[in-house]
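Presented below is the structure to which this report refers.
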């Protein structure tokens, strides 16, 4: 995966992600949209057969767009970690109830 | 459902959709992204508990953003229509093979 | 687009859609999930490079799965129609305010 | 987040996730669908206002469904980690080119 900054202003960030398509963009966008300091989040997959995506985020007031995207990544990571732990626990508890 | 134009320039359109959330936005965005004349498409659901969404589209060169969004709607409609017909046909053909 | 019924019981329907991928499946699944008589809705795109998708729906009690999927299609259609009308109205009203 | 196993057979796993909705389910389903050993993946959010989701996965042949879901989680995590590193690198390289 290769990321490139295409545009960066105080409230806008546009990055190109090589080697990824809809899947990662979708997750990122959902996490960005849940952030109150984000004004708009979108993406584009310019060529359906080329695995290259562009993610765009625009923040409100003094919120830096790169901070918003880093926070989105952290949030996905924390959610994933929590799910993994809860799943393990559930599978163990189920096995115990079965035996 | 109530739609309001928030911003309109030669290449940008930002609309607010009252009475809809992620679901419609997702479909619209996917259809917009598949359009080569679209530079970026995104959306936001500012308040998770309020059914109000903002859709944003930015087009390339001389493509009008309102034309892009209208074409996206047409495309979804045509796809839906085709699926409905194909599904009916499949169900009939299955019933025939069963009896 | 070609649809084929792969499995049909009183509460389950599994169809194969040739010529479509994630996009249509996603919309269908979302609409199916919003239906209270639907127990589970899922899909699969077995080969990422082949445009063929499998949609699966399981309904509750006496609800027929083919009725659930037809209702999902109707719902998407109605939403689309309403959006189109509301968008036209919004664009007209914006133009009037501009001139 | 609390996870509970609702059903588990040699090829099927159905879990309930309390405290999560469409967002996590979507990511999980996408990752599951990309797995060749997965026959079908779906989910349901039975009550839109209650943050509780049900995820369902059915695997092929001897693949254990709990292994498929654990691998999906691992994959999302690896993708996230890689993106984070690539993003940091891109932001640094951009800052350098700016100064």
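Each chain gets a letter, A, B, C and D, in the order it is written, and its residues are counted from 1.
We take it that a residue touches a chain if its C-beta (ideal position, glycine included) is under 8 Å from a C-beta of that chain, and two chains touch if they have at least 3 such contacts.
None of the values given here were measured: they were computed from a predicted structure.
> How many hops, at fewest, get you from chain A to chain C via touching chains?
Tracing touching chains, the least step count from chain A to chain C comes to 2.
> Count the touching C-beta pairs: is B-C or A-B ahead?
Between A-B and B-C, contacts are more numerous in B-C.
> Counting only Cα atoms for the centres, state how far chain B is from chain D in Å.
Centres of chain B and chain D (C-alpha means) sit 25 Å apart.
> In whole angstrom, how far does the Cα centroid of chain A sit from the Cα centroid of chain B?
22
> Express in whole angstrom the distance between the two chain centres, defined as the mean CA positions of chain B and chain C.
Spacing between the chain centres: roughly 13 Å.
> Which positions in chain C are in touch with at least two other chains?
In chain C, the residues touching two or more other chains are 34.
> Using the contact rule from the top, write out all pairs of chains that touch.
Applying the touch rule to all chain pairs gives A-B, A-D, B-C, C-D.
> Quick one: which bits of chain A touch chain B in the complex? Just the residue numbers, please.
It is residues 29, 33-34, 38-46, 48, 54, 56 of chain A that touch chain B.
> Taking the touch rule as given, give the residues of chain B at its contact with chain C in the complex, in rising order.
1-5, 8, 15, 17, 20, 23-24, 26-28, 30-31, 34, 66, 69-70, 73, 76-77, 79-84, 86-87, 89-91, 93-94
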